[in-house]
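Inspection log for the structure reproduced underneath, given as structure tokens.
Note that the chains take the letters A, B, C and D in the order they are written out, and that residue 1 is the start of every chain.
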Amino acid sequence: MNNETASKETILEIRDLKVNIKTDEGTLTAVRGVNLTIKKGETLGLVGESGCGKSLTSKAILGINDKKCKAEGEIIFDAENLGRVNLLSLNPRGKEIRSVRGKQISMIFQEPMVAFSPMYTIGNQINEATLLHITRDKKKAREISLDVMKKVGIANAEKRYDQYPHEFSGGMLQRALIAMALVCSPRLLIADEPTTALDVTIQAQILELMKSLQKDFGMSILFITHDLGTVARMCDRVAVMYLGRIVESAPAVEIYKNPQHPYTRGLIGSVHKIGTKAQERLFSSEGTVPLALNLPAGCGFYDRCSRRIDGVCNVYDPQLVDIGQEHQIACFACTGCPYGKGGKEEKANE
Amino acid sequence: MLKYIGKRMLLFIPTLIIISVVIFFIIQLPPGDYVTSYVAALSAEGETFTAEDIAQLRLQFGLDDPWFVQYFNWVKNIVTRGDFGYSFEYGRSVWSVIMDRLYLTLAVSFVILVFQYGVSLPIGIYCANHQYSVGDYALSFIGFIGTATPNFLLAIIIMYVVYVNTGEVYLGLFSTEMLQNGMRWEYVPEFLGRCLIPLIVIGTSGTCGIIRTVRAQMLDEQARQYTLTARAKGCSEATITYKYCLRAALNPVVSGMAGSLRTIFSGSTVSAIVMNLAIQGPVLLTALKSQDMYLAGTIVLIQAVLVLVGTLLSDIALAWLDPRIRFAERG
Amino acid sequence: MALFKKKTVTDESYYLASQWSLMWRKLKKHKLARFSLGLLLILYLSALFADFIAPYGLEEFSSLYKNTAPTRVYWTDEDGHLSRPYVYKLQKINDKKTFKVIVSEDTSEKYYISFFVPGIEYKLFGLIPTDMHLYGLVNEQGEVDRSARINIFGADSTGADIFSRILFGGRVSLTIPFVSAAISFFLGILLGGISGYFGGVVDNVIQRIIEVLSAIPSIPLWMALSAAIPPGISVSAMYLYITIILSFIGWTGLARVVRGKFIALRKEDYVMAARLAGVSDFKIIVKHLVPGFLSYLIVDLTLGIPGSILGETSMSYLGLGMKAPATSWGVLLKETEDLVSVAQCPWKMIPLIFVIITVLAFNFLGDGLRDAADPYK
Amino acid sequence: MRNIKKWLSLALAVMLCMSATAALAEGATFTEAPFLTEASVYGDVADRLPVASDVMVEDASYLTIGTYGGELRRSAGGGNWDAGKPIEEGLFRFNVSGAVEPNVAKGYAINDDATVYTIYLREGMKWSDGEPFTAEDCVWFYNAVCLNKVDGKGVRNCHKDANGDPAVVEKVDDTTFTVTFGTPKYDFIEALTVDLKWHFAPKHIFEEMVQAVIDGKDEEALAAGKAICGTEFSDVAKMGKELLYHFWNYPGVPTLNPYVLSTEEGKNSIKGEYYEFVRNPYYWKVDTAGQQLPYIDKIIYTTVSNVDQQLMLLLDGTVDYQTVAMESIPTILESETAINIYEWSGGDWGDVGTQLHFNLNVADEHLNALFNNIDFRHAMSICVDREEFAGLYSDGWLSGGQAAPQKGNQGYSEEWASKWTEYDVDGARKLFESAGLVMGTDGFYDFADGTDFVLNIVSVADNGAADTYKILEPYFRAAGIKCTFKDSDRSNIDNDLMANAIEAMLFPVTGIGDISIVLKPNSMVPGYATNVAWYGTMDETTATGDLLKLIELKKELDVTVDPDKREEIALQMLKLHEENMWTLAYVEASSTYHAVNARIKNFLEQGVWSDIYRDMGIAHVQCWYIEE
């Protein structure tokens, strides 16, 4: 946790991001107005269960979401070459966004086994970003790649460079993937559950690696996970996401000490008290986020919330509210209804 | 890799033996033999035969042996003397008959193969990149019509339309004039024009299938994680399409190539009759009908061997294209 | 501590639905597939009810209507008033000078189009004897007169109604692919399964057989096999032979796919588990392996059907398929194989439209099925 | 052969005419085609022709004086007779009116008892390679080739006397040879014209090869054969037949024909995509203006694979001449190319496509008895509505008919031509019953013992029989006859014929009938050869009744030399046919239609299509010329 390096300078600011997905049954709003800021050198953890929209948010930053997804809102990035620019306003296939991808913002994906094309050598695929953004000289690019590979702890890098993905173990592939993401020294690294697919010992190694690399490269990290334990290890700040919304946001220490939102508390509870059946259910398939197609009015967590206030939580939509110490929360139970009657009301669709 | 090729080559030999037996068996399966068709053809011209004549002919053509003896002799001569037997119909050695049309046949088949892939790869890629667009539907539709219309009918329709509009009948690859005077530079445009109809007719029958394979494969590949990785790296869409997706999508396309060759051989037989192409197909059909069995057998054998070699080559190409296969075979 | 209440899932059925009903749901959303399915349903129904819908039988020949164009239907009478639709009978003159057969309408009597008129007798579904046909002509006195014809798609060289022949031909052309696909299906699964599941020598032998069969061009195979068809057999027997010939060639591709799937699936944990639990090989294949890729096979099958339809037309062209008086679409298309037919009787190509529609429909349906069968899309 | 009798008596009385040089204008000089002049290797045309008095003049009244040059463009299915018959030159030939006239021979003489024929040749006549054509070529051909069966055919019937012994052929001088028979042979000349046609081969080319064959030196013979034509033959029998019987098909074999196959590579194989026959510079016929024939320089052939393609090439003007099916005529007349259609009559007994033949020697006892029962055949004939059938069959162009000599041919009688043609299903049923059939419960006739009667009809594939059967079968079915149909390749059919495995045949391998039963009785007599499909393998050992009589009559005809007697026998044979109606036909014979590009002149507008007349050969292609 590099509190010292965390300056006031914002590198990325997400304002009211919405991601709509066209499906056969209609348009589904999967991300429903997310606001986030990431500061230089900071690690922001984005936490939430599967399908809450955290991956969509991260992909929206790079503009690499599926064609069916449409992002609205603003994602302001402090780009080296373009200045402060709304990434969403750029053509997702255009040159400008591509100059940002890989070079200034890069991404680590959850499953290293499928993140590489089986057809090309690891070296070839790591090289690609270097060749695109830094140098056209293949020899130089190779040197850069080898250098990064060594940095991420790939032993025998020279030999590994010419091997194919299927010759790598999962952990090794994840290292290669990190090397690929870091090869251009990006200013922002998005790590989308980088350790989920790996076993525990490897997980720890990778996380340590990322931490040390962040120090070396001085970059910001958006760390996406569903695992609060990891967040505690990695992040300066944490934003908790539920059903396409940020429900709580606070410095990492604060959130562990003083979780406010019932969902966050549940999450933390589940970390602390593994084995409690009722809480396990939260992460079981049955208890996943409801289909976002016909969301009922009110708080998305209403159905599952133990502290719900009938007549408020199922009628009004809670917004993020500052509760001090950079701690924000969207919950009527914790903050009281900020609107009163005539607030933002959504009728149930039933 | 070499070991893999070697292993495949070894497997090639028993396959070849089985295939030659099967072919010979199939060819002599229909009732009657060349003598009966020979007698029939000449009877039609007013000649007369007696039973002794016919027995004599059979003896002369070596057709009174059981089929496996005939097979054995045939293969023995191929192996020991490179002699594929004698065409009763042409009164010449089978090999010389085949040589008449071999180059043109190979050229036509090759051009069609290139045409099929040359047309369907870009279209398949386009359709995948523009899934559910008007262009996608339109091209698929045209492709389907090409596939769904039997070759012979498509050939007749095209020839008729051309005839009605230009008054010209494009039969065969060479006009009478070309045959009379030999090929000259001034005939090249007309020759190319003549090539077009067979190309369309035989080509389209397989094109649709390849387009669909390419399209489906491309769509599959586009949905894979590594395209996302590449995109996140800042790769252009072209790089993603051609370097990543296409490369992976080529696998089934390549492995289908030998099958395409076989379809071309069969497809061109029917079309070549309709369009009067001087390629092997019609010769094969007549040979099959008139029980000119060594000729028919040799042509079928050559085609089958070409398909087998095609399969072998495409398997090797596959191994070369896909490192996973390459390494699996190595290990 | 009950922090969370159980989430109530509004549409429980979505999660509980079987694979098949999920496929069906997805399929219903695929517009083109749905449309194709509807189209195929119509085609199959019209083949089923061919006796009833077709105004004429296959052997209702007429020298008067030989090679005549689609019958012109009049909607207005001489004064231009809207009228009950009617047609005129034809008359023919052979012009010895131009060698042309001049066909004209005999306007002396009108023949009205009428529904549910009696015609030749048939047995509906082979059971119920009746002579009722969907439509036909009646003369001005309201009596059925079968000397005048209404051929909406024109008539062939025997004066038979092409529309009726298309319907009857559909019976053959729409079912042969199914039967032959079923045989291919069986052979493919059986041999591909054996090959993939057991591996080793068995696999090698089957692979060689497949290799040999798929290397031999289809024409000699067809010729040899159809030469083996004895003379004087009935239409249904001929039908059987053709399906067998077609499927004999068709199974190899499927067997390859099945084998590949088996090899992949063999390594799956649940198969291993079943094995360890002492389940017999056959049971494993039938209970565990086959359902694992059945959806794939169904798709493969759907996409293979157009090939069989076209195979049947090719066989007919080479004179190896169905023969008159039996009718199939291939037989109908063979009748357009010469220039004179194309030039003088273009309506004889109408069956082609049906072939194309069917092939398209099966392909789109297959597309839809493939999308539906793929849970990740 | 309407006036054959008149002609024969004339032949007996006079030593026959030299050819009609009188038609040539007095003092006319011979001229040649610019094609030959330009080549300037052939020398003076007069030196190439026979002596002036022996030059043959084509002087048929319908001919006009033509101009030289151009190509006659044809398409071919690779059939060798198609190219051969039009250019064939025999010693004698039939003219348009059906009379035999001298051709290669200048004339002949016959002794009183018709045992010795003296044939006179044209003096100074040359082979197409410039070597002299003499009596030696004729005598050698008979003695070396025919007597030793080197050409695969051997001694033809025309050379056999009443005892079946071969004639003796001797050379008298360079232009004269004699043919001597052991017994009188009145019909030698016409039989020669039908059976053998030519009576010669270029001895200077083939002597060595033929001698090697006779001596059994196969290798040597094959080498000699290859040296002649460049083709490697598998065996001497095949080679002999090809080079001496199908000789026009091989480059480098000299002929007397107006056109010879090109020797140029790429144009010299009749199995190739393209081949051409070029004019014979030594051709021995001239027109009435003294111009050496032929007018047209070349006949070029483009090989096609089917009739439809021939039609297409005709339509687009790439091909000048083609026989065509009637239904394609409207399309032809509509095309932009100016094409004339000419109708020729033929000799078939009813339309071949509707001829139904029963195997009277079928192995099955029931069937045998049935087919030999006249009532059955009668019933099979009258159970078809001929007018409707003919309408369906020919779209109204032909009327119903019967298997009988057609109008204008020998043996025609209106009575016969319309015998058993009245449509009468009830009558047919009665006749079936009187033929011993019993109506079964299934609505079809069975044999008296209750076994199923099924009429199994076969035919050759791709000849339209399937379509004919399709419209014929409902009539049979309506009359209570269950039948099946299978068409298969010609070779299979012939195989089955030889195995006597065929019961009935529609559109047979060879139809019944020709323009003259006297000249060509083969196709009217059972068991004569394999090509007589309709009687299976019947011969006199199995035949009974009228059939036996027919066979005996044919044998008698073979050895009868008196023309009156011959005609009498022929008429008796016809009478037997008329009485028994062994073969049925349902539609009158169709004509042969010739589509001729309008630029071709001198086409024979009204001819007779018959193998005896060498089909298109009687149109004398050497007299055609091109006028653009």
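Here, contacts are C-beta pairs under 8 Å (C-beta built on N, C-alpha and C of every residue); 3 or more make two chains touch, one makes a residue touch a chain.
Given the structure is predicted, the values throughout are model-derived calculations rather than measurements.
J.: What shortest step count links subunit A and subunit D in the network of chain contacts?
T.: Minimum number of steps from subunit A to subunit D: 2.
J.: Please identify which chain has its centre, taken as the mean of its CA atoms, farthest from the centre of subunit B.
T.: Here the answer is chain A, farthest from subunit B.
J.: Can you name the chain whose C-alpha mean lies closest to the mean of all the C-alpha atoms?
T.: Smallest centre-to-centre distance to the global C-alpha mean: chain B.
J.: Have a look at A-B versus B-D and report the one with more C-beta pairs in contact.
T.: Here the pair linked by more C-beta pairs in contact is B-D.
J.: Please work out the Cα centroid separation of subunit B and subunit D, and write it as a whole number of Å.
T.: For subunit B versus subunit D, the centre distance works out to 41 Å.
J.: For subunit A versus subunit C, what separation do you get between their C-alpha means, in angstrom?
T.: From the centre of subunit A to the centre of subunit C is 53 Å.
J.: For subunit A and subunit B, let me know how many angstrom lie between their CA-based centres, rounded off.
T.: 54
J.: Taking the mean of the C-alpha atoms as each chain's centre, how many Å separate subunit C from subunit D?
T.: A distance of 48 Å separates the two centres.
J.: What are the residues of subunit C that contact at least two other chains?
T.: 227, 337-339, 343 - these are the residues of subunit C that touch more than one other chain.
J.: Enumerate the residues of subunit B that touch no fewer than two other chains.
T.: Residues 30-31, 156, 159, 274, 289 of subunit B touch two or more partner chains.
J.: Touching residues of subunit B toward subunit C in the complex: what are they?
T.: Per the stated touch rule, the residues are 11, 14-15, 18-19, 22-23, 26-27, 29-31, 141, 144-145, 147-153, 156-157, 159-160, 212, 216, 223, 259, 262, 265-266, 269-270, 274, 284-285, 288-289, 296, 300, 303-305, 307-308, 311.
J.: In the complex, go through subunit B and note every residue touching subunit D.
T.: Checking each residue of subunit B against subunit D gives 30-34, 36-41, 43-51, 54, 56, 60, 86, 90-93, 96, 100, 156, 159, 163, 167-169, 171-172, 174-176, 179-180, 182, 272-274, 276, 278, 282, 289-291.
J.: In the complex, go through subunit B and note every residue touching subunit A.
T.: So the residues of subunit B touching subunit A come out as 224-226, 228-237, 239, 243-244, 247-248, 321-324, 327.
J.: Once bound in the complex, which stretches of subunit A touch subunit B?
T.: By the definition above, subunit A touches subunit B via 59, 62, 64, 93, 98-103, 106-107, 109, 111, 114-120, 125, 128-129, 132-133, 164, 166-167, 177, 180.
J.: For subunit C, which residues count as touching subunit D in their complex?
T.: 59, 61-64, 66-67, 92, 94, 98-101, 157-159, 227, 231-233, 319, 323-325, 337-340, 343-344
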